[in-house]
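Common to both upcoming complexes is chain A, partnered first by chain B, then by chain C.
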Partner chain A sequence: MGDDLYSFSLTTFSPSGKLVQIEYALARVNAGSTSLAVKAKNGVVLATEKKLPPLMDEASISKVSMITENIGMVYSGMGPDSRVLVRKGRKKAQAYFRTYKEHISTAALVKELASIMQEFTQSGGVRPFGVSLLIAGFDDSGPHLYQVDPSGSYWAWKASAIGKNMVNAKTFLEKRYNDDLELEDAIHTAILTLKEGFEGEMNENNIELAIVDDKRKVRVLTPAQVKDYIGEIQ
Partner chain B sequence: MSILEYNGGAVVAMVGKDCVGIASDLRFGIQAQTISGTQPKIYKIHDKCLIGLAGLATDNQTVFEKIRFRTNIYRLKEEREIRPKTLSNVLSMMLYEKRFGPYFVEPVIMGLDGPDEKPFISAMDLIGAPLLAEDFVLAGSSASEALYGVCESLYRPNLEADELFEVLGQCILSAVDRDAISGWGGVVHIMTKEGITSRYLKGRQD
Partner chain C sequence: MARGSSAGYDRHITIFSPEGRLYQVEYAFKAVKSVNQTALGFRGDDSVVIITQKKVPDKLIDPSSVTNMYKITPLIGCVLVGMTADGKSLIQRARHEAAQFKYKYGYDIPVNFLAKRMADTAQVYTQHAYMRPLGVEMTLIGMDEELGPQLYKCDPAGTYIGYKACTSGVKDQEATNFLEKKYKSNPKLSTEETIQLAISSFQSILAVDFKASDLEVGIVSAASPKFELLSQQEIDKYLTQIAERD
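On to the complex of A and B.
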């Protein structure tokens, strides 16, 4: 009998036509640390702040996750929620491969994840995911970058930012972006953008960088590699 | 009497030089009685993929309708046509799902696969065990022995489209003449990068 109390959907429309739970989920995302991504001609770069308390073992924590060999993602918002989506995304990708013996395209995987996130805005007894995702992949139709929000909306971007500093970061990216960027330029642009809104000193231990290049493999850069790139922009 | 021999029928597919062909007989019968001599067993999935289904006629129709459903949804979702190789895998999964109560069909898939339009043929048994061959594949319980013999003899690699038509035509006609429940003419489809050419063959109407 107590179960009946939670069998309705928590996302019900307000008189102004909003779904307030989704608004609140977005607020949670905007309180999370900044993540951004830039698409180049020959790949995509994902970058995120990784500010951890001094005693936390930063080597064990990774905000960037691999969904398939050639599709990676980063989040802003609640880490545990993002882990659930990573697992579901990986399973969907493998199920696709089992049926078609073809690797899932970035667009198809994004649609699946967005569909899952939307389900959680229209089902009983659940709440929306408290994350926005930036999904980067390289497949037969080239490099791709997508953003997925708690509502389940998704967009393809040339460059985008989510989280705390997204407004300034996006303005910065708009000025700096051009369609002829190579991956190396994109990495520099990403680091510079992250630096703009960074509180305190940015170094190889408090940011995380990952790339998907035309070899179609997601690679999280090692702290040493990140240090080199940071050095290059100074 | 085996269920796969209830309606009879024969399908064969062959690879040529930058082309593929598929042929089937035209008989639709119920055991000894012939109902129609104008029933081909080959269906078009899209311009670069054809599928032939031998076996129980009712299951052929159902399996084709299921495939058409899957490929139409695929086309809408992926915004492109399904590759013949992918379709082969999908069909294999579909048939294995019914492992302990199978569809009595023996599919043959042919097409030009991928952006390079490479000739592709495959066949499978009624529970989805795939067979990927480089030369020819065939299906049809009662006509298969004769078909294997004549295909093995007449096939050469790198046949041009016209030669492929001749070889396929001769194979299907001579093989079904050895089988009481297949025949009543034949149809041959030859697929090249330019398109599909279909020709109906007049055979012994017995």
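On to the complex of A and C.
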């Protein structure tokens, strides 16, 4: 592989002990459009801004991706980088199934993806991924939500936001979150939070919503369904 | 916060700058603009048209060998803007991908899938230091069995998006503004109307009265899904129609 030509890491320590390439990658994430997720008792909701200029066909691309039937993911940052992680995530999930004849748990998949992202901060000739991921799944141990950063660190969250408006969004979510949320409430909370930092008018064509419920299936909501939910919060 | 000790390499290979930018990718976009060429794509109700200038740099060059429009498969065509040699490499890659797909799966590669494959390859060059990004933007067109007319653009950053109308090259900003107005009302466009719109818009945006020999127009339509370039006589016919209309 051509990477062998660069047998040294491009991400190296600065004199103060920082890995600046990772920090710069985070800067890129924080410049990307906002994404957030809220975990409820009976499911998880993923929400993101999808603002495209007028001539683009919004139906042609999707920021939310399905990794397995019951694990979905949304990103903030560089779209092309996220596609690589979606692809690798799907492959890891299939490989796990082939080995164990059991579907991969959300936690195990997150570990794999985080490990991949860490590799790209240490391997020769590559740069870190310019994305943070919010991964939502429903498996045998219930609903889960994780966040993975360009460094490869990951945490489990009750609710989180990434991208441009993450600070305000997280403050907003902290106030409104409680452990007894039902999925429907979580969806409303997610839309309200997204609306807080939204520049311009929010409608069914410039946001994307997906849910994983106790039926253990990832569902990206259609524009019509999104429109209904937006109507409900007004 | 400590200043990054990147020693300025962030401009030479695709690593992040302090603001989180990839300078090499941005420079690749500049390379696309440097060739003084513009290409437009127009999606109609049952057709897609792409148009670009045909600039023969020297009178001694055989004009039939100068082109920026290429057939990837009989049913998928594209127009390239940017560095010629990079473009040729990209075309070879696209043709290979399409042929591999047909061999492996037994049916023709859909346009959106080919666009994704090209974009995924472009992304690799933005993440691995051993290859630089290619200085080309590729606009793909084809008729999809289920989705109808498809227009996709892939760029050096690894982005690919489906468009109703798209612009590429040196006048892309003016062209986008112009096309946004034209498409705002979601017009119904027949094949004839799409071609007319393409040629007349191209002339307006570039503010030049073109001769048929200065233009390349490629089209796919429901009536004729094979990717074809309009002949000079056909282009002439449309130019005359437009001139008489005005």
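The rule is short, and it goes like this: the second predicted complex is superposed on the first by the 228 of 234 C-alpha atoms of A that agree within 3 Å, B and C clash if a C-alpha of one lies under 4 Å from a C-alpha of the other, contacts with A are read in each partner's own complex, and residues count from 1 in each chain.
The rule is short, and it goes like this: a residue touches a chain if its C-beta (ideal position, glycine included) is under 8 Å from a C-beta of that chain, and two chains touch if they have at least 3 such contacts.
The structure presented is a predicted model; accordingly, all values stated were derived computationally and were not measured.
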Is A:A108 in contact with chain B, with chain C, with both, or with neither (first, second, both, neither)? first
If we overlay the two complexes on their shared chain A, which of chain B and chain C does A:Q21 touch? Say first, second, both or neither. second
Touching partner for A:Y100 - first (chain B), second (chain C), both, neither: first
More chain A residues in contact - chain B or chain C: C
Spell out the part of chain C that touches chain A in their complex, as residue ranges. 2, 4-6, 9, 13-22, 112, 116, 119-120, 122-123, 126-131, 152, 157-167, 176, 179-180, 183-184
Counting only contacts in the complex, chain A reaches chain B at residues 98-102, 105, 108, 111
Seen from chain A, its contact residues with chain C in the complex are 2-3, 5-6, 10-11, 14-16, 18, 20-21, 23-31, 52-57, 59-61, 78-81, 83-84, 87, 120, 125-130
Over in the complex, which chain B residues touch chain A? Could you list them? 77-78, 83, 85-86, 89-90, 93
